[in-house]
Structures are given as C-alpha cells and as structure tokens.
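Look at the two complexes coming up: subunit A is in both, with subunit B in one and subunit C in the other.
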Partner chain A sequence: MDTYYLMQIINGLSAGMIYALIAIGFTLIFGVLNVVNFAHGEMYTIGAFGGLVCITALNWPLALVIIAALAAGGLAGIVLERLAFKPFRRFQDEASLKSRAMREATLLSSLAVSIIVKELIQYFFGAEMQSIPTQYLLNDPIPVGPLSFSNGQFLILGSSILMLGGLQYVLYRTRIGLSIRAISNNPLGAKYVGLSVDRTIIATFAVGSMMGGAAGILVGLYYGAIFPSMGFAPSIKAFVAMVMGGLSSIPGAVVCALILGVCEALATDFMAQGWSDMVAYAFLILTLIFFPQGIFGARRERV
Partner chain B sequence: MNVKNMLLALVAMAVMLVAAPAQAEKTIMLGYSLPLTGSHAQYGEGFRNAATLQLERFNKSGKLKGATVDILFEDSKSDPKEAINIARKFVDNEQIVGVLGDFTSTVSMAAGRVYAMEGMPQLSQTASHPDFTKVGKYQFRNITTQAFEGPFVAKWAESLGYKKFAIVAIQNDWGISAAENFETAIKNLGGEITAVEYFNPGNRDFRSILTKVSRDKPEAIYLCMMYEEGAMILQQRRQLGIDITTFGTSSLYSPKLVELAGEAANGLMLSTTFMPDSPEPHVVEFVTEYKKQFNADPNMFTAQAYDAVGIMLDAIAKVGTDVTRESLRDALAATTDYPGVTGATSFDPETREPVKGLARMTVENGAFKLVK
Partner chain C sequence: MYNPEAPDMTDTKPVTSPLRSKLLTAGLLLIVLAVIPGTLSVLGKSYYTQVANSALIYCILAASMNLITGTAGLLCLGHAAFFGIGAYTAALLATNFGLPFVVTLPLGGIVAGLGGVLVALPTMRLISIYFAVATLGVGEIIHVTLLNWVPVTRGPMGVQIYDPITIFGHQFTSLLSIYYVIAVLACISIYIIWRLTNSYFGNALRSVREDDQCAEAMGINVVKLKIQAFAISTFFAGLAGAIMAHSIGYISPDSFQFSESILILAMVVVGGLGSLPGGIFGALLLILLPEVARGLGDLRMVAVGVVMFLSILLLPKGIFGEVSAIDMARKQFNAAWGGRQSVGWK
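Up next, the complex of A and B:
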C-alpha cells in the first residue's frame, strides 16, 4: 500500500462528492413527489451559467457568485415546477393522486423541459466550453507530502457537508421540513389535515434546485468546464447513487455517491477508464437485484 | 388546322418561357451532414460557418458559369443512426451531387457505407480513421490520417530524446487508431510504451487516469483527444503536480485550449496543419473574414471544413454545370495541389488519401509557437 492508492482514493472521493452534491437535490425531489426529475441536470447547468455571467459580466467575488448560482437554481426550480409538474397535479381527487400515469407523465414533461433548457442555453451561449478567468478556478494545487489536493476539493467537501447538514436541519427541525416529510409520506393525508400541498412542493423544488445550481457552479469552477450539456454525465451517476441509496434517503445517496466515486477511481487500476462507467451500471444492477429497496432504503418514510 | 398550329405555337412558347429562366438559375446542390446539436455541436457550428463562407466566395468568384451551388445542412447529432438516415435522404434527393461530412470517423464511416453503395461522393473534413477511405471508392477526406501523424510526432519526440511514453486516448474509432499508430511508431523507433489508457467521450475527470499513468514514470505523455478534454487533462495534471512533458495530436490545436487551460498548457507539443497567424494571404483573408462574419476565431476544424468545401466546389467547377455524382467523384480524385488554408492538398487517385504537410508547434507563455 503506497501513496498511489491513497491518491486514487482522494481522486475518487473528489469525484464522488460531485455526484453527491447533485444527488442531494435529486433525491429530495424524488422523495417528495416520487417521480424522477429529469431536468435536475439542467438546474445544475443553469446554476453554472448563472454564476458564469456574474463572473464574466459583473466580476463578483466567489461567495456572491455562489449565492447567485443558488438563486438562479432556485428560481429555475420554481419555473420548472410550474411548467412540468404542476399541470399534472390539476386533479386533486384521490384516484388522480394515486394514478401512476399522472406521476409518470411528469417524467416526460421534465425530460422535455431539460431538452428545451439545454438548447436555449446553447442558443444564447454557443455550444463551446466557456473559458473561466483563472483567478476563479478552484483548481490550485495544495500539496500535502506526496499527495496533492486542490482548493476546489475542500470547497466541494465543505459545501456538501453544509448542504447535507442544512437540509437535515430543515427537514427535521422546521415546520416546512415537517410538511415536506408529511407530504412525502402520505400526500392525501397531508392534504386532508390542511397542509398546502402545492406550496410545499414548490418549496421542495426551490430547495432541491438551489442545491443543484450551487453544485453546478462549484463543479464548473473546479473542472474549469462550463458548457450546455455538462449536466448529463454527472446526473446519471447521481441517479445511480440515488437508487443505490434507496431512492429517497438523502444521507444514503451521499454515502453511495462517495462509494461510487472511489470504486470508479480504483477500477482504473484493473480496467481502462473508458469502462469505468460500467462500475456505475454494475452497481445499479446489483442493487436492484440484491437490495430492491436500496442499501439505505428499508424504512417506509421517504425523505 | 389553324387551331392546331396555334396550339402548337402556344405550347412551344410556353415551354420556352418555362425553360429560359430555369436554365439561368440552375442550382447544384451539395449535402452537408454535421452535428448541429448534441455534445459535438460546437464543431458543427464551426463547419457550417466555414462552409457558408467558402460557398459565398465561390458563388461570387464566377468560377462556375450558368449555375449556383447551394449546400443543404442536416443535423446528424454526431449519431451514426441519424447520419445514416441523412445519407438516405441525400441519396434520394436527385439534385444533390456530392456530400460533405460527417465529423467523427465513426459517424462518417457509418454513413459512408450508404454513400459508397449508392455512388455518392463523400468528402469528410475531419474523419481521420485509416479505414474511412476503405469504405468504398466514393470516400475522400481532407485530413492526414493518424497513420501519418502518429509516426510524425513519434519521430519528433524521439529526436528530442523521449523514449518512454504513456498514451491517454479518447475511446472512439479515431482515438484508438491514434493511440495504436503512435504506439507502433514508438516501438519501431526502439522506444517503450508504459500504458495506454482510454477514457469515455464526455468524461471530465482525468485525475485517476493521470495518477495511474504517472506511477509508471514515463518520460512523456501522448494525448489523443479533442482540445476540450486536452485542456482538462493539462489543468488536472498541474493540480496533481505531475511534471511530465506532454505531446498531442493536431486535434488539440485550438486557441481555446490555451484559453481554457491557461498556464497549465505551457510546454505542450503537437503537430498541426493550420496556423491562423500564418502570414500567407489566403489564410489572412479567411481568418479576417471569419472573424468579421461570426465574431469568433477560426480553429483547425473550421479551417478543415473551409478547405473541404473549397475542394468540392473546385471539383464541381472543373466538371461544369452538368456535373453528376460520377463525374464529381472522378474530378475529386484528380484534385492536385488545391491551395487551401491548411496547406496544399492533393489526393492520391488510387487510395484517395490526401497528401498534406504537417508543422510542429509548442505552447509558450500561453500562445502557440511554430517550432522551426
């Protein structure tokens, strides 16, 4: 065991944290609505481009840029909910709320929004990768003995912990968190006791997409790569992490995202990295066969 | 009798009326299959810009009297299935005499089988897989293959004293052929390859590959990929503190690489066919005109497309207005010394492989410099 494996584990954790950042918002929305939000990758892209505009046009400091990305993501999430999800919740009777078709229609509507957003961004910004001023790049080397870290890795780790902690606090300590959990558990019941289902769902989308947006700008600055289709590849991995983690357990998704990242990095040793996507899909299949509830998803409660 | 004569005269007049303008406005169509959406859309956009520029220039030049040429652009999304559908559409359109594109070797070869079968000349600006021209006798390309470029860089690197290489390549037909050609060339020169690592298109995290590759302590790394991935690798290499010389394929050449990678790009060495700051007048004309019309710098890819369209149009001009798919193919095969912005191009009439010159370049202080 030399520093090589330690370095690979660090590489893997840094990739895993990125999957985790995206998986947090993804899982939150799944937990409440029980539908996959295919446009989550685009919330991530919107956050990145929102931040980019603040950098190139306004020269804001990094902290403000991240707040702007949060705002862009949150706003986009509210618009997304209005366009792709709300129209399918028009009928509030019991049969419609339980109908699978109603829920699955949003799968396609969110996919449609995702394609439209991607093409719009491409129309306005062009399909090329955007260049980022060097002083904003989160890629400065921090050598620690034979290992090499970067400031972006610490920032991403810090924000993951902050987001996860903040989300757990909101979910378990605040009123809106209580209603999110109530609706995710039993939407009809929550409605009958007088909770505003609509308002809670909008709040969930805003929070989940804010996290997506923040992830977008952080990862964009860390890789130095902001482009319209940037959301696709990491959101596939985040999706796998979500399924592995039990579909609606946020800490579960984070842990699985880290496992996934580390396994991918270590797999480089045994197979070409081009095959490392196979690791994710293999995990997905193994989870579905051996843990149909996900590794962390045995409980009934969905958030 | 009178009525019949009058009718005949009327018909004759009508035919002349219809025929006269039709003859003056004869349009010859070309098809261009290229990615305008999807992950390769940035290349397709550049191709389309360059093609319209070249087309405008040609139609104004009066090289072809009595007809104008027009290009029909179709979006292949860089997907072989789409490109095959487009190929069928182009083949069925009787107005189309020749096709340009597609972008990657994989897509070009998939569509190429349709063109070869139906006898449609196809000229790709960028498909550099050795097997592309072996698809059929209708395939042409305006780019040197990796079978030529790999040994070129290998010889250069060997002359600088590098013998032990690691290769990092994108996992597609082109990347694999680039890596394999370089590997054989280095081995033939008595060198050594420590590892060949492939990564999936779309991958942006090269940290684990770089960590693995550097474990074997090669003297240099050879990169076979597009400039965007190249910029990522160079940046992450700097962040990981891996201080190994890098060489690369000509596909890394783009001003955008330096812009994206910043100081991490310094020291990269690569071969190229197109230098935008070359003082040659036709290069200057292309670069200024491109900047003026599209508000962007042309790169190697746009230059390739500009010349490919130029070669195709010149071949049409040689045949004249009654050009057919067959006569266009023969005229293309006879191309000698086409004076393009990527150097003079000739096709070998037998293999249809282009003969072009390559130059050596390195990145110094954030700018590409020609190596004498």
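Up next, the complex of A and C:
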C-alpha cells in the first residue's frame, strides 16, 4: 500500500478517536435519559479552555493538564445536568420520560445553555484563536520506517484507548456502571428496585463530559487551535457517528466514529479542504434514509 | 385527503363586533405603515431604520418557521439554509442576469420552496429528533456548499448587489422607502401564513402535531400534508432571504449558518410554539433586545441565550402560548376576517 494512504489512515484514526470520545458522551446520555444533549460540544470547549488556563496561568505539566481538563469537563457536565436537564425531569414515570414535549424542552434548553456557555467563553477569552506555548504542542515528528507520525497522534490514540478501556471497566465492573446500564435498559424497573435515578444520571453526565473535555484539550494541543466555537464541528461529527451507530450502542458509535474519521481523511485526497465536511453530512442523510435504526442498530422503537 | 369545503362553524357568533376588529387591524397596519416610519424619519438615524428592516425580515422568518415547527410540530434546525438559498438565488440572478426585483423575489422563494420539497421527500417519514437531525445535516450541507462552491457563490467573499430595489421603474433608494417595501411584503406574507394556520389546512397540521397516527387514521395524508407545509414554510424563508439580499445589498455564507437557525428557533420558542403572534413578538424581542441591551456590550448574545433558557424553563408555552393566543385571536382578530371560528379545538 502506498505510504501516503497509510499515513492518511493513521491521521483518520486519530481524528476518529476524538469523534468517538465525544460520541460516547452523547450515547451514554441518550441511553440513560433518551434525550439528545446539544450542549455536549461545549463540554469539549470547556475541557480545552480548562486545560489552557492550567497551561498559561499555572504552567502545569502535560499529564496534570489532561487530568485538569477531565475534571473541568466532568464538573461542567454535572452543572449542565443541574441547569438544563434536572428542571425538566419533574415527572419520572416512563411516559413522561419518553414523551415528546419533555424531550424537545431539554433539547431546546441544552441548546440555550450551549449558546450561553459559548458566548461567555468568547466574552472572557476573545473570539480569536488562543496561542499555546510551543513546548506543549503535540506535533513533534516521530519517524516510523518510511512514515512520519507525530507524538500527538500517538497520545490521542493511546489515551483514547485507555479511556475506552476505563469506560468498559466502569460500565461492566462497577456498581455505578451497573446502574447506568440498568437505567438505560429500563428506567422505571431500575427505579423500582431501588436505584437512585438522579445519582446515576449525574454520574452519566460526569463520565460522558469528562471524555468530551479530555478530547477537547488533546485536540487543542495537537492542532494548536483553541477557540470558543471549536466544539461545533467535532460534536456534529460525533453526533453523526452516534446516529450511524444506532443512537444507544457504544461499540456502534466508536466503530462509526472511526469509519467517519478515516473516510474524511481519505476524502481530502479527492476534494478540497472545505468540502470534506460534506462526507459526514452525506453519511448522516444516507444513514437516516436507508438505516433509520443505525448501521449497528440497537433495536429501539422509532418514537 | 381532506375536504376544503368541509362545514366549519360559521354559525357561531363572533366574540367581538366586526367593526372593532377591523379597527384593530387597521390600527396595527397604521402603526406599521405610518407610526414607525414616521418616528424613524423624525429620529433621523439610518441605523434605527436598518434595525427595523431586519426586524421585519426576521418576522417573516419566524412566521414561516412557526408554521413548520409550531403548527406542524416538526423541529427544523436548518431553516437558515433555506433563507440562504432564497438570498443567493435572488442575489445571483440580479448580479449575473440583471433580473429586476419583481422577478428575483418570487424566484428566490420558489427555488427555496423547491429545495424544501427535495429535502422533505426523503426526510418526511422521519419523526421528532430524527427529523431535526436530518434538517441540521441538510442545513450544514447547504452552508458548506455556499461557502465552498466558489465559481458560483463566490465563496466566503459573498455577493454584492449594486442595483437598488426597482419595482416597475420606480427606484427605492432611501432606507425609508426600502422599509416600506419590506413592511408591505412582511404584512402580506404574515397575512397569508396567518390565514393558512387558521384554515382547515392549519387544523390538519395541528392534528398531525398532536398525534400523527390518529390523524392518518382519520383520513389525513400525513406525509403529503407535511411536505406541503414544509414547502410553504421554506418558500417564505426564501422570500425573506431575497428581501434581505436586495435590501442590504451584500450577503455572505456567514449569515446562513447553524447559529442563525438557532436564533430563528429561539424566536419561535420564546414567543410560544404554534402561535403566530407569539413568533412575531419573539422575533421583535430577540432582534430589538440586543439593540436595547447595547450597554451590555459583548454580552448581548448571552442575554439572548438567557432569555431563551428562562422562557423554556418558566414559560413552557412561550409568551403567547397557543391556547392563550387563540383566545386573544378570537377576541381581537378573528371577526375581522369573516368571523370564522375554526381556530384550534372546540
């Protein structure tokens, strides 16, 4: 195989991993609450700006910066849940949890929160791109045989795989993971056997937003681009991956995110830079028309 | 199929006298066509006239979005894209072929409406969040196209229109005369949308919103009805775009991105989903609020977000919720247009 294509595939995989990290947040929250969180892209931005503050103001080492971004994302997720989701969960029976009015109210409220967060960040940091000290930038070249990669790609791939493994551990080996899975399977039943729905939802938001926040700082340091509206494009791509994966299937979302990333990276070969965004949207429309259940559809009623 | 000649309740007595309602309508028209332009010309600041012009354009947009999102219950997140199609159609026809305003205006609407039908045909069977996601994707596709199809749309540089608005040989060059053009067009569009929402067609759409399976069982062709509503809604969005292109004279892809769709959605939500007066009020509020809140400086978009959030939290039905808006409409306006009492549920 041509070395160029191999490099593009590695590029695509690392971009796809970022989409996967964001898509997992979407998928977890959709699985538990059955609503789409439109403020999830802002968790990504908050993670990036949290890391940026640690770098510029505190000069922390890289590992600490990533942990700080994780914490910032998780905290923002908890606050978001309190603000935009909790007030609309007054009724906890199954009918209200799945009702249209409730879902659209939370959709709109999370949109409103995302506007507020984005504009506040823009107010405090300015709309332009933030400069990152060069020693933190993650693009030192690493030659592998005839190929040349950067350490950022390996860091993104490695830490994403680490986080995915951690998520699997949390979901399948811990008590809170068990309750997350129970509630996403049958909210009312889980409540009747004594699980705390509120606590589980908060934990879901914290876990999902942590991954989003970490993705934000990793991308920020790799591309050197941290700005208030940075969350929009990747979160739309992640959203596409989630819809392609069947809305509530984590493996589906991860696989589709990787496919999306690789396809986009390969598409830059055939089309101009701006047009490559079209790949994701075309995937979205085709999936919605031909596979409304998602390609790896978890069987779920179309409501 | 629904029957347009179905009997409606024309025999019930109007709540208010026809005379009073006619006076009210005339009063509103007087305010829009005389008092506001009068005040603007007395103030003499062209900036305020521009704000009034864009507020009227957003009134058309909010009214058209209200038809599809409020009345038919289909959450559309790509409305700005159809606004953009209309604007670009009008601007490109005017600059490349020198077509006059009276031709480009309807063409802008028709092309956007055709685009709406094309989008609607495959996506109409999707429901709720799936439809919202599909329209979001379509909106972004159109935005990416406007941004990158440089040979036709001139890409990020935008399109400049040099000719002033000309209607049958009369040139509208001053801002105040442009205000009149926009005001008259806005009044006509809003009147048409108002009549549509309050007709049998509008009631059928409401039934689709409340329970589409039930509506289907009662003999309404749900998919066809939704496509019609979407086509009408996007037609008016395109019309608003054509008006904007000609009145401002410069358009660029930035004006038609996702955040613009959200702004239009916020207008409809703040005003009250499903109520046309509410949507128009929301448009006026969210366009004029940043002007009033100039003291807040850069925080004015935050204020828009906060207003949207609070209105969802505290007023789930919006400022003019549909039911209260229907009551108000019955009391104030209904008799003016034939005294029909076919609004809402009996």
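What we mean here is this: the second predicted complex is superposed on the first by the 292 of 303 C-alpha atoms of A that agree within 3 Å, B and C clash if a C-alpha of one lies under 4 Å from a C-alpha of the other, contacts with A are read in each partner's own complex, and residues count from 1 in each chain.
Rule of thumb we're sticking to: a contact is a pair of C-beta atoms (placed from the backbone, for glycine too) under 8 Å apart; a residue touches a chain by one contact, two chains touch by 3 or more.
Here the structure is a predicted model, which is why all the values come from computation and not from measurement.
Applying the stated clash criterion after superposition on subunit A shows that subunit B and subunit C collide. Judged by the touch definition given at the top, the superposed model places A:Phe239 against subunit C, while subunit B stays out of reach. In the superposition on chain A, A:Gln8 contacts subunit B only, with no contact to subunit C. Using the contact criterion defined above for the overlaid structures, shared-chain residue A:Glu119 touches subunit B and also reaches subunit C.
In the superposition on chain A, contact is made by A:Asp277 with both subunit B and subunit C.
When the two structures are aligned on the shared chain, A:Asp269 is found in touch with subunit B, with no touch to subunit C.
Contacts of A:Met129 after superposition: subunit B is touched, whereas subunit C is not reached. By the touch criterion defined above, A:Tyr172 reaches neither subunit B nor subunit C. Of the two partner chains placed by superposition, A:Phe154 touches none, neither subunit B nor subunit C. Clashing C-alpha atoms with subunit B after superposition occur in a single stretch of subunit C, namely 42-50 (options considered: 6-14, 24-32, 42-50 or 330-338).
Comparing the two interfaces of subunit A, the one with subunit B and the one with subunit C have residues 119, 122, 232, 272, 274, 277 in common. Considering their complex, residues 4, 7-8, 11-12, 14-15, 119, 122, 126-129, 131, 134, 137, 139-141, 143, 148, 150, 223-225, 227, 229-230, 232-233, 264-265, 268-269, 272-274, 276-277 of subunit A touch subunit B.
Contact residues on subunit A toward subunit C in their complex (touch as defined above): 36, 84, 87, 100-101, 103-105, 107-109, 111-113, 115-116, 119-120, 122-123, 232, 236, 239-240, 243, 272, 274-275, 277-278, 281-282, 284-285, 288-289, 292, 302-303.
The touching residues of subunit B, when paired with subunit A in their complex, are 37-39, 41-42, 45, 171, 197-200, 202-205, 207-209, 211-212, 215, 228, 231-232, 235-236, 238-241, 256, 259-263.
If you check the complex, the residues on subunit C that touch subunit A are 73, 75, 122-123, 126-130, 132-134, 136-138, 140-141, 144, 147-148, 258-259, 262, 265-266, 269, 298-299, 301-302, 304-306, 308-309, 312-313, 316.
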